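Below you'll find a set of structures to go through.
One chain, chain A, links the two complexes that follow: it is found with chain B in the first and with chain C in the second.
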Partner chain A sequence: MSRDYLARKLAQAALTIVAIAILNFLLFRLIPGDPVRSLLPRNVSTQQKQELRERLGLDQPLLPGLYQTPQGLRLKVEQIPDTLVENQFVTYLGNLASLELGRSFFERKAVLDVIADRFWPTVILVISAEALALLLGILIGIRAGWKRGGPFDILTINPALVLYAVPLFWLAMLLLFFLATPNGIPVFPSQQMTTPGRQFAGPLEAIPDVLAHLVLPAFSLALGLFAGYALIMRSSIIDVLGEDYITTARAKGLRENDVLRRHAIPNALLPTVTLVALTFGYVLGGAIGVEQVFSWPGMGTLIVRSVTQKDFPVLQGLFLLITISVVLANLVANLLYAVLDPRVRR
Partner chain B sequence: MNLLSSWRRRAAGFWRLFRRSRQGLVGLGILSVFILVALVGPELVGRVDRAGTFDQMLDPSGGHIFGTDRAGRDLFKVWVHGTRISIAVGIIASLITMVIGAAVGIVSGFIGGRVDTALTALSNFFYVLPTLVLAIVLATILGPSLLNVIMVIAITSWPGTALIIRSQTLSIKERMFVDRARAYGAGNVRLMTRHVLPNVFGLILANTTLTIAAAIFLETTLSFLGVGDKNTFSWGRVLEESFAAGALTLGKWAWFVPPGLGVVLVVLAFTLVGGAFDEILDPRLRAREAGRAEEPPEAVAGAVVGT
Partner chain C sequence: MALLEIRDLVVHFRIRGGVVRAVEGISFDVETGEAVGLVGESGCGKTTTVLAINRLLPPNGRIVSGSIRLDGEELTALRRGAFRRKRWKEMSVIFQGAMNSLNPVLRVGDQVREPILLHEPGVTRREANRRVSELFELVGINPARKKQYPHEFSGGMRQRVMIAMALANRPRLVFGDEPTTALDVMVQAQILELLERLRREFGLAMVLITHDLSVVAETCERAVVMYAGQLVETGPMELLHDRPLHPYTLRLMRSVPDVEGPRDLGAGIPGQPPDLAAPPSGCRFHPRCDHAVAACLAAFPPGRSFGTGHRVACHAVSDEGRLRAPSELPLLSGAAVVLAAEESGAELAMLDHPDDPPGVEGAA
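Right after this comes the complex of A and B.
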């Protein structure tokens, strides 16, 4: 990978993250209504309101000279020099730099702590679903592409296409209905990450219980994801099979199995592997619905909760965290692609 | 040759190619049924009792083939009305997406230079952001209404269209006829609307069909997560209500299976039709799927875009 390529990709990612920080600021300033009023009970004095306003920095202008008034935005040109530093945007950037994301409206905790509690459950869910989906997708894609048009191809690719059109949360609902309620065969628990009320001596003791709770959410997510991997794997196997080096390998007298294992698969894996990083945002999106159905205590259910409770600081923190991680995943995909595929190294 | 007959000739050529795609025909078949339900269904089954009735939580029977909900509403009626809302939201949101995406893509690709750099950077930026998360945040900020959901879908979906149309515009710009028209004194606006637009129109059509699928998908998810319109019963809204009311544990499968199945079939149908359009427009893709080139690519492209 050339240094130019690396530098360009890093600069792009950095710029995108700056743009996300600005968008995040602007978006949450668009919210109609006075945040102070939603934070405090009705019967507090005007002075108390003013104090909170100052503490939150809401008495400052949005940008130098740009004030938010009940009548809308007002630009006071004469104030610009005085408010070059003392404005909400600079304060926001400063807070961001020190990872100060504010406090939750509803839990008496810092936003970062609220999110930290929900971080690992989502990571566990997403990683296990990705692993399952990749395994299924790659194996099915290889067989389907290798014998294109054959019975295996037709029997797997058509269902995969249909799965592509299934909302993940609905798939989760069906799995829950059939495998976790008495209406079907209740083999798995339906809610939460552990059995409610059960005490564990240590984290290790909890593993079997967590795994039992993980099966259905992970499968719901994986079933929605594997279709994409299978289709890409299939088409890249088909592409690779048309390449000259495959013909050469066959001409050398290699057995078909070796052609597939040594030449076709390694080259066809590349697009599928990078797809994992590229679809990271989609996976996190899918996880929201799945978590909601299974009450999985992750960031997805936290998003839904902060939406219904109008807990804007938490929503803002989650938006920042998720979008930035998606940008970083994209960066990884680009760099991975460059490392693995010599043709991209420019 | 007048414009109308040229369009008719083009449409006929398009249909000839479309007819060959089995997937496209299957999609078109499913779609016709659902469009028919959406167009005339709600009037045929009559209005849904907003206030509800006393026939609450009934199981499916002859009188109520999907049963009734907590408020005693007939779930079949609700489903039929949901068909119209979900499909309408998908189509309207995609039309807005198409207009924004096509405008940005054509201007960006045709004007080039700094305009292109700025617009492409903007498209890329919104393209990278995770759609659902951005949509949830926007919908929460704007407040729950059908119009807002439509706007949110358009705002989060246009970059894909813009980037595709831009790259197509770039290649059209280099063709002879554009230079010829410019030599005759055609200005940028005229060139873009009269020469570039007709040539990217096929692509816009294919892309919009695929966008409708994505839009219906997104609306369903947003409604299920509770940021949709609380007063209209789209399929997603029905799914949310059934879930919140415990339809899963109560065994009321007829509450949540039909709306989900509706989404799957309609999204699948739009994807199949859009995929068939794409194949017609991209002869390389078609040749690969068929395993051989059936017609020289130029002839096929000409039949569709009329160059």
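Right after this comes the complex of A and C.
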């Protein structure tokens, strides 16, 4: 791939991230609700509220001269010169640059630490679900498209469509109900990432227990995702099989399997790669619901908790992290696409 | 024995609510080292014929009957595996490389090398690579371009890659499916010249499908003229050009303007090719033919030979090998058509679905 292409894609990703950082700042300043009021008990004095406000830096203007008052946004022109540097936006940017995301309103910890605890569980969940979904989706899609209209096609694509239409959290609840509670056959643990109270000698010892806990959440997420991949893969295999170069490959004397493997699949994978990148945000969204159902200690449950607690610094940190990871997923897809398709490398 | 012998080939396509009778009993031979042009309007069955020979028909297409012999071996009787081992090695196809016949995500060198490694297991990778370089030089591409992808080539260059690929296993028979159609005139001339040179150099037999008569005139010794799935006339190109016997061939030759002739468009052929799901009875050209007689509705005429491999299937041609003028024939018109049809026991064209139409009699 050319250095030009790489540079262009990196620049695009960087620009998007900057835009996200700005939006993220504005979003949390402009939503209604006063964090100070929800932080303190109802009966504290105005002065105490004011002190907390100052400590959190909420007394400063949002942008030079732009104050947030109970009556809404106020622009005080005469204040602009004085608050050119001393405003929330500049503080925010400075903090971002030093990876300082503030402190959680509720846990007495830095936001970065709060998120760090929750980061890996979500990564494990999302990656295993994506891997499962891709494997299932691509294999089923190829097979179904290859024998279009055959029994395999009909018996897999129709259930896949149903799963595609079902809300993820509902699917997760069904799995939970039937496979983790005495209502069905309780094969798998119902919640958390490890068995509560159990001690492990080291991280390696914990793996079997974590895997057992991972099965249901990962499958819930994967079952909701694979249908999209299967459908795209199926239709692109069908498209590709009609191409002239497939006839060429057959004429050359390749076995049907090799026609598929060497000529059809590499071409048919391209739309699927795009789809994976495009739906990455949707996957993270789905993970929130699934984590909530299984009390998976990841960023999804953290988001839900932070929303109910109005823990703005944590939410802001999470939003930033999630949006950046979506941008990065797209970047990876773009680079992968260039590897798979020589036509886009320039 | 000819290199390729096609006898009474019948190919049908199943479609919703019917059968398309795309090729209806054609017979012709291709001798070793000979170039044969397969000509006719779009949809006359020439591509279908080549696809059928190479077992490349789409799933709804089927060889209903007939025989295809390569070097005396019956290809239609071969099992899948046995046929696969023969294809490309003994006969290959030059598809329209300018279009989408090359895989866009594979390097062209690898695509040319693929059949070598596939059919010649004794050949090492290094040896195969060397042969690919030779092939590239042979068709006039810098071997350094092996590592490039199809989109980095112009249409003419892609066609050259396609030709290199078709020659990879040094086959004795090559089919060219409109190999120059999408190219501009200059490039077209270069490609034809290249094909001609390679054909002579390797003693290749070639079947060239084209709707462009000038291409056939330039490259082929012999031509097979098809109309609506039937073979109407075959013979040496010169003879077909100068003294065509079949009314369709006559019209076809006249439709090409002559560079030195008058500056007007040649007379076209009135009407349109028939719907092959409900073809006319007998000779399928009769509704558009101004020589049609009663017999044309009843049955497709047997092929008659008039020396030097010239064979024609037409009721209007006399036994001495002369196309009788319309004035000499009991022509059909209006009520006469109906009467003639009833008399000969045939139903009218629009209603007729012969299940087992007569084929061209082998006269080679």
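Keep in mind that, in the parts below, the second predicted complex is superposed on the first by the 319 of 346 C-alpha atoms of A that agree within 3 Å, B and C clash if a C-alpha of one lies under 4 Å from a C-alpha of the other, contacts with A are read in each partner's own complex, and residues count from 1 in each chain.
Simple rule for what comes next: a contact is a pair of C-beta atoms (placed from the backbone, for glycine too) under 8 Å apart; a residue touches a chain by one contact, two chains touch by 3 or more.
In this text, all values refer to a predicted model and were calculated from it rather than measured experimentally.
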Fill in: When chain B and chain C are modelled together on chain A, clash or fit
fit
Practice prompt. Would you check which partner chain A:F177 touches, where first means chain B only, second means chain C only, and both and neither mean what they say?
Written response: first
Practice prompt. Check whether A:Y282 is in contact with chain B, with chain C, with both or with neither, and answer first, second, both or neither.
Written response: first
Fill in: Geometry of the superposed three-chain model: angle at chain A (Cα centres of chain B and chain C, steps of 10 degrees)
70
Practice prompt. Please indicate which partner A:T247 is in contact with in the superposed arrangement: first for chain B, second for chain C, both, or neither.
Written response: second
Practice prompt. Going by the touch definition up top, name the partner, chain B or chain C, that contacts more of chain A.
Written response: B
Discussion item. Using only CA atoms and the superposition described at the top, report the least gap between chain B and chain C in Å.
Written reply: 10
Worksheet item: chain A residues touched by both chain B and chain C?
Response: none
Worksheet, complete the sentence: The residues of chain A that touch chain C in their complex are 243-245, 247-255, 262-263, 266-267, 340-343
Worksheet entry | For the chain C and chain A complex, residues of the former touching the latter | 54, 56, 84-89, 92-93, 95-96, 99-106, 114-115, 118-119, 149, 151, 165
Worksheet, complete the sentence: Note: in the complex, chain A contacts chain B through residues 16, 19-20, 27-28, 30-32, 161-162, 164-167, 169-170, 173-174, 176-177, 181-183, 190, 238, 280-282, 284-286, 288-289, 292-293, 303-304, 307-308, 310, 315, 318-319, 322-323, 326-327, 330
Worksheet item: In their complex, what parts of chain B are in touch with chain A?
Response: 125, 128-134, 136-138, 140-141, 143, 213, 217, 220-221, 224-227, 239, 243, 248-249, 251, 253, 256-257, 260, 263-265, 267-268, 271, 288
